[in-house]
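After the structure tokens below, expect a handful of questions from me.
Letters A, B and C mark the chains as written, and numbering starts fresh at 1 in each.
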Amino acid sequence: MVQTQPKPAEPGWFTRIAHPGMFMGWSRHLVLPLSVVTALAFAVGLYFTFFASPADYQMGDTVRMMYVHVPSAWLSQFCYAVMFCSAIGTLVWRHPMADVSQKAAVPLGAAFTALALFTGSMWGRPTWGTFWEWDGRMTSTLVLLFIYLGLIALWRAFDDQLKAARIVAVLTLVGAINIPIIKFSVDWWQTLHQPASVFRTDGPTVDGSILVPLLVMTLAFSLLFLTLHLVRMRTEITKRRIRSLELAQARAGEGA
Amino acid sequence: MKAMGAIIVRDLRLGLRQGGDLLTLVLFFVIVGVLMPFAVGPDRPLLAQLAPAVIWVAALLAQLLFNERLFRGDFDDGSLAVFRHATIPLEMVVAAKLVAHWLLTGLPLIAAMPILALMLGLDGQGFWLAVCSLALGTPALAAFGAIGAAVTVGLKRGGLVAPVLVLPLSLPVLIFGAGAFDLARLGGSSQALLLLGALSLLSVTLAPFAAALALRISGE
Amino acid sequence: MINEGLSRMPETGLGVSALALSRGGRDILAGLSFSLEAGTALMLRGPNGAGKSTLLMALAGLLNPDAGQIDHAGIDPEAPKYGHLHYVAHAPATKSGLSVAENLKFWVDLLAGTPVDIEAALSEAGLGDLGSIDAGLLSAGQTRRLALARLIAIRRPLWLLDEPTSALDTAGAAWVGALISNHLRQGGLAVIATHLDIAVDGNVKTLALGGQIQ
């Protein structure tokens, strides 16, 4: 006997946490506290960055750029991980919150990647002499930016956002397999053309006085991502609600 | 099996009978390849050095142009719905179409490559390397193109977004494909060719799954 | 008729319970239930947008329901998942660039395990002497006949037809009716969405789908 599978029912606790209506309810109380904690974390981090960490003997004060560059680079990848998990949520459970989470994360990922590229470029200028160098890590980050921007373009090309979420999810999964391959191929390309290692973008050896500010800034950036992601998800849900209301209004009006 | 063979034969027939496309593909490939000497100047040693890169970029762009034809026609005229009710799963249908697509867009490029090799001054060893790398790499290009085509098949302006999605994915193919030539200068290009072959194998095996999923979603 | 004298179709049935469908985020149907036994045809009537095509797509396995269940009874579990049904929609799925016979032969290779007399099936469909001409040159009515020819060439118990008589004249529509009647006589099932009445001999039920669900 062949049965067409309907959408499976979500488990109870999952629904309670993740149902859009309930999500709007409990997330509302989180936005302000999260923003405050993020601001505090940045305050502490920036203090460390500018006042309480040593300048590098080689690079001088520009090493402080690392405290923005490293966290943004890390976040650009973490963001993709969030998108990857959301994509699985969309494809396996068709959960509307997974759709929203995906859509909210993409521009943030693009922004952090762009920030990583920008700060990397600024940091590299004094050392390389140019604003851009075909360093393995920078190149991989550039390709990641293209992938994020491509996903944004794909989201916008769809009229039906529900279908868009599932298609983008497929591509996100494909990207997840491809990104390690791209990284490997870029590194291979790098060693092919420039056997001498040029520049370690994670900076000088990490020692205590540098580790703490780095961790604080990483925490600050992660909190920033969390806050922004939450806010964007709320905005997206609100947008969809407005759209449904408009749709209902249009249908109530036509042929009346 | 018979069904897969039937699909390959049908796609080949359609591709060859509406033959203008084949000519366009080869023409585009050659024209893009020939742009480089115009842009750079007729400096023979320089052209010979750039030749692998030019050939690969031209191949990449030419494939991009024709990726949409893989699923768009079947999507629009309802054939995709018939495929869903075939005796073989959609993944195998996609795999068969991928084979036909490579025969129609990969093989002609390999056949047309000698023209570019001649004009760009590629030497004897370079020529064979070009044949091998294109032969090993164009299946991967077709596979990534298929994913891009499947993901954008339902979109009105899908043809514009697909290249942007496919190009970053295809970057490793370009790197290994063109890299084979640089390695040859250093002594052995087999590593690049092996990597290229592995990438093709992997992408051709996995792409039908991703593409079939995207096609199912698009068909709703 | 080509299939007369052949054994009856395998005993199958179709059951739908509490089905809810949506497309593009809009709810189309809710709470639909019906069941169909072998030898019965279900006519789907209703205005545009009522959900006839959407229901057919869901029955064909092309669309997942939001709620409820569709049971295809009597199917061989070893067989390909949707190998027991034909879905013929608005789009005829014929390819210009291939001849009429090549089109049908392709469907046979794709959908049937066994060899089939293409010529005979084409004559059945009223396209007897058109086998070698390019399918792109056919008129709308002839294209429709070619699309329906696969129902004749490949035997499958469940037929899901969306406006099968579109582009056909009265004779053509009568032919479609006869085709369906014969199918029912052999124990097949059919669900047909149609604006017009189709004369079918046999056990025919009608389902009228209302306007859009608010």
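For this structure, a couple of remarks:
The working rule: contacts are C-beta pairs under 8 Å (C-beta built on N, C-alpha and C of every residue); 3 or more make two chains touch, one makes a residue touch a chain.
Computed from a predicted model, the values in this text were never measured in an experiment.
Across B-C and A-C, it is B-C that has more C-beta pairs touching.
Measuring from the average of all protein CA coordinates, the nearest chain centre is that of B. Mean C-alpha positions place chain A and chain B at a centre distance of 31 Å. Averaged Cα coordinates give chain B a centre that lies 37 Å from the centre of chain C. Between the Cα centres of chain A and chain C there is a gap of 47 Å.
Shown for chain C are the residues in touch with two or more other chains, namely 61, 64, 82.
Touching two or more other chains at once are residues 163 of chain A.
Among all residues of chain B, those that touch two or more other chains are 220. The residues of chain A lying in touch with chain C in their complex are 1-7, 160-163, 244, 247-248, 251-252.
By the touch criterion given at the top, residues 23, 57, 60-64, 80, 82-83, 85-87, 89-95, 97-98, 102, 105-107, 109-113 of chain C touch chain B in their complex.
The residues of chain C lying in touch with chain A in their complex are 24-26, 58, 61, 64-75, 77, 81-82, 84, 212, 214.
Chain B meets chain C in the complex at residues 2-3, 5-7, 10, 13-14, 17-18, 73, 76-79, 81-89, 219-220.
Remark: chain B residues 147, 151-152, 154-155, 157-158, 160-161, 164-165, 167-169, 171-172, 175-176, 179, 182-183, 195, 199, 206, 210, 213-214, 217-218, 220 touch chain A in the complex.
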